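Both complexes shown next keep subunit A, but they swap its partner, so subunit B is in the first and subunit C is in the second.
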Partner chain A sequence: MIIATYVKHVPDAEARLAADGGRIAVDDHAYALDGMDEYGVEAAVRLKEAGLADEVVALAIGPARSEAALRTALALGADRAVLLETDDDLDPLAQAGPLAEATRACGAELLLVGGKQADWDSAALGPAVAEALGWPVCDWTTELRLEGREVAAVHDVDDGSEAWSASLPVVVTTQQGLNEPRYPTLPNIMKAKRKPLERRPLTATARVVTLAAALPSRARRGVRLEGDAATVASELARRLRDEAKVL
Partner chain B sequence: MDFALPDDLLALQRAVRDFAQREIAPVAVELDREPRFPRATLRKMGEMGLLGILTPEAYGGLGLGYLAYAVLLEEIAAADAAHATIASVTNGMPQSLILTHGSAAQRDRWLPRLAAGDAIGAFCLSEPHAGSDAAALRTRARRVDGGYRLDGSKAWITSGGEADLYLVLAKTDPEAGARGITAFVLERDTPGLSFGAPERKLGQHAAITTSVRFDDAFVPEDQRLGEEGQGFVMAMSALDGGRVGIAAQALGIARAAFAAAARHAEEREAFGRPIREFQGVGFKLADMATRIEAARLLTHRAAWLLDRGTQATKEVSMAKLAASEAAVFVCDAAVQVFGGYGYSADYPVERYLRDARVTTLYEGTSEIQRVVIARQIHRETAR
Partner chain C sequence: MILIAIDHAHGAPRRGAFELVSAARGLGSDVAAVVLGGPEAAPVAAALAAFVPSVVHVDDAALDHPSHERRTTALASVAGELGAEVVLLVAGRGGQAVAPRLALRLGGTLLEDVAAVRRDGTAVVAERLAYLSRASLTVRATAAPVVVSVKPGAYPAAAPADAPGSVASRSVAFTAADDAARPGERRSVARGRVALEEADVVVCGGRGLGDAASFERLVVGLADELGAGVASTRAVVDAGWRPYDEQVGQTGKSVAPKLYFALGVSGAVQHLSGMNRSGTVVAVNKDGDAPIFKASDYGIVGDVREVLPALRAALAGLD
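== the complex of A and B ==
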């Protein structure tokens, strides 16, 4: 059984962002493997280590720099990587078709995708690619087991969590709580450089066109309460109860 | 001329930064207050590959050069200086001397354990009466049937009592001065090998430091490294690498102190504005950043020279001198930027200052670095 795991190269959570001429500008070195996708890579590698999968293929769609995210996935234990290379900003729906095709092409029967993509916070890719593949999807997954061809999962729903099961092939979207991703060790980072990485040019048409982007301006919302201790305390309590509604 | 680090090294740096900030930084305060040898984090560092950075892959190390060593050690030190000290000792002399002077059997026997972090290495040169004047050491190794018997004591041994392997320099020929010194590798459980209580120190409390005693300790002949009389020369030839490591460590501590001070200067307000707006604070931050940047350039260049196989004794000493003095300057200035809070153990900068202070002392004091630099200048000038 082959597992495909989607990885996206997104700005690091600590990266400094600047909006420059209506585009978000980020230094190339400030990108990292999307944390949401990391749970998927970890899940795939654990299934392989448990002898339940034969191969883990990391798939990415994006510009050439996305190779770094794939190398991280390879350092975490993926066996090989495929980059569908494009400089266009493709929305999740535009990515779904090519990702479905690449998943089929590598013979995978389980596709893992981050529950949402950290850069634009979209949770659409997993369900969209499942639709394109015609496979069932389990989203926001926090537990994943594989017994033979049966997938048993637990995932978040609006009012709690739900047990979910289906037969392969399936798409599973991952999130915090599914596992604790390992660190890429330095020897594995170095070995990852020698693992196979295939680049294929991708031409696809974006359905969403970004006209302009700007950073939200942050207003300081701190409030300083003045007065003696008793006055400040009762005013604080009032605000916590009536305004913040946390008491 | 390209001042950017190679992409491959940036990837390793990022991985180590994440690792160090998530695994090492959170235990630094506790280890400073309740000193103990940080076995759990050292184990994780071994798995990361951080305890065999320079040792070739064939022996389970990473096989990286000194530039990478400096970059990665800076990341460890920025999280906690004590971990960087333990790492630099076990990465340094024990592994580099076994690699360059050990027999094939000795390399196979010790290097994989050290490089994987399964064994921590210690280096025993200094003695109570022989610090900067290391050739004056008195520990004696007498030839006996099948090996040697060691008598004497060593001082300021990092990881003393905790390390598994001890690279020891002892006199086999007391008449021959520096040329009468020989290197040996001892296992911790060697009969006759014992350790003093951990020294109480200004900083870097988790980098346990003890005296080491030898009472008629027997060392088999196959645990002698190199030939008799070669010990001092081999140790001196490996000093440059160790000094680059201390320079990198000093940079890491300085960087952490600077980051804390810069943040504090943004957040702390006095007289109605952030204190960074006062030139007294702003100029301090500017000087701190400039000293760090200058020291980092010297350190990376010295490491780069070593990687090219160039003689770099002067440049390495300049880097060590500049980086360690910068670290003390920057940490002291950071305390000043924090004001009274800087003196409080509830804030990190007093610890950075205590941790940084030793960097101008070990692996050659600042004065010794100047002696080395001046001697090299003389050699270049008098030629």
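== the complex of A and C ==
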């Protein structure tokens, strides 16, 4: 059984952003493998280590710099990598078709995708690629077991959690709680440089266009209340009622 | 026409349903609601008829707690039959899983987790956050129909319409692919407290609470008094003090209550991204330089163990 795991190269949380002519500009050095995708890489590698998978293929869509995210995935244990290279800012629906095709091309029957992407703040790619593949999707997954061709999972739903099962092939979106991702070791980082990484040009048309971009900062009152606990507490209670009018 | 997909629980629409009515009315007057589920959903459909001109009840017990695939198929069939130009869903977990599938199935576009949606001529344009909620983008869909998932709390709940609408029942045919996933047992975590996303007041505790018992006493205690939702940071969840479904932030829930208390919370970017749309923010932290103060309306530099009992007393003393 082959597992494909999607990785995205996204700005890290502390990256400096600028609103630049209708788009968001990010300092080029502040990109990393999306933390949400690390859970998927880890899950795939563990399944392989447990003898339940034969190969782990890391897939990425994005500009040339995305190779760094793929190299990280390789250092974490993926066997090979494929980059669908594009400079276009493709929305998740526009990525779904090419990602589905790449998943089929490598023969994968389990595709792992991070639950939410830190650039678009989007949870759409997993369900969208599942639709393009015609496979069921288990979203926001916190437990994942494989027995033969049966997948047994637990995932978060709107007001709690739910057991979920299906036969392969499936798409699973990953998140915190699924596992504790390992760190790449130096020898593995060195080894990753020699693992196969294939680059294929991608042409696709965005379905969503960005008309304007801004970095809003909500104006906060910024009031500091000082004094002993009883004094600041009654001052706060009064202000919440009379000034902010929220009580 | 504008189609809204109604979430419901225990025979009543969820609050998000009425927020979608508000969003839909801003897009046009030809609004229909679709309610999925067996007989238990009939009162939901009836309730919605007071708000929109037409309600479609897909009356099938196979749609009680359905898989995303069944839900997609049911919504796609109704949207197709009615010729919906826009389909609105609540951007909860379920809605965010169904909306992309539905958009692809209909050959349309997805505008995801939007804070506002409007028409610009014939185009549908929306405002949404990106980059861990640090940036706001104005986005336009390039193809119809447009599926829009609307952020919970982004719109006020609508008032009933002047004239009541009609309810029609229909059925839907599922395929084998719709039945590939088998949703199983559900564990609900509502615990009788107001759902986090629907709460007007949210009390969030961080690692500064010290331990699970103090969290329970101070944070949950204040929340109970205020009828508020309880939230926590990832540090608290990782420490095992609180369940994951209370986590607010990048990997947790995104909330926008009228009033948000951040108690013993440092204010990491990943946490702020889940709460920075809140109305009024109160922070209590013993470190005056904690980043949470920059994101707050009212800040108290002090020890939660002293400030919180005093605050409970002060709030109880307000008349």
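We take it that the second predicted complex is superposed on the first by the 227 of 247 C-alpha atoms of A that agree within 3 Å, B and C clash if a C-alpha of one lies under 4 Å from a C-alpha of the other, contacts with A are read in each partner's own complex, and residues count from 1 in each chain.
Just so we're on the same page, a residue touches a chain if its C-beta (ideal position, glycine included) is under 8 Å from a C-beta of that chain, and two chains touch if they have at least 3 such contacts.
Predicted model only: the values in this text are computed from it and were never measured.
Colleague: Overlaying on subunit A: subunit B and subunit C, fit or clash?
Modeller: Here the two partners, once superposed via subunit A, fit next to each other without clashing.
Colleague: Counting residues of subunit A in contact, which comes out ahead: subunit B or subunit C?
Modeller: Comparing touch counts on subunit A for subunit B and subunit C gives C.
Colleague: Using the superposition on chain A described above, determine whether A:159 touches subunit B (first), subunit C (second), both, or neither.
Modeller: Only subunit C is touched by A:159; subunit B is not.
Colleague: Applying the document's definition of touch, where does A:49 land relative to subunit B and subunit C: first, second, both, or neither?
Modeller: neither
Colleague: Which holds for A:20: it touches subunit B only (first), subunit C only (second), both, or neither?
Modeller: neither
Colleague: According to the stated criteria, A:150 is in contact with first (subunit B), second (subunit C), both, or neither; which is it?
Modeller: Touch partners of A:150: none, neither subunit B nor subunit C.
Colleague: After lining up the shared chain so the two structures overlap, which partner does A:198 touch, if you call subunit B first and subunit C second: first, second, both or neither?
Modeller: After superposition on chain A, A:198 lies in contact with neither partner.
Colleague: In the superposed arrangement, which partner chain does A:136 touch: subunit B (first), subunit C (second), both, or neither?
Modeller: After superposition on chain A, A:136 lies in contact with subunit C alone.
Colleague: Quick check on the superposed pair: does A:32 touch subunit B, subunit C, both, or neither? Answer first, second, both or neither.
Modeller: The answer is first: A:32 touches subunit B but not subunit C.
Colleague: After superposing the two complexes on chain A, what is the shortest C-alpha distance between subunit B and subunit C, in Å?
Modeller: 6
Colleague: Which residues of subunit C touch subunit A in the complex?
Modeller: Going through subunit C, the ones touching subunit A are 7, 9, 65, 67-69, 72, 92-94, 96-101, 103-105, 109-113, 125, 128-143, 177, 180-190, 195, 201, 234, 244-245, 250-251, 258-259, 268-270, 273, 276-277, 279-282, 293-302, 306-307, 309-311, 313-315, 317-318.
Colleague: Residues of subunit A touching subunit B in their complex?
Modeller: Residue positions touching the partner: 29, 32, 68, 71, 75, 183-187, 189-190, 193.
Colleague: Which of the residues in subunit B come into contact with subunit A in the complex?
Modeller: 8, 10-12, 14-16, 18-19, 47-50, 57, 62, 72
Colleague: Over in the complex, which subunit A residues touch subunit C? Could you list them?
Modeller: 11, 13-14, 17, 19, 24, 26, 35-36, 91-93, 96, 115-116, 118-128, 130-132, 134-140, 142, 156-167, 170, 175-177, 206-216, 218, 220-226, 229-230, 232-234, 236-241, 244, 246-247
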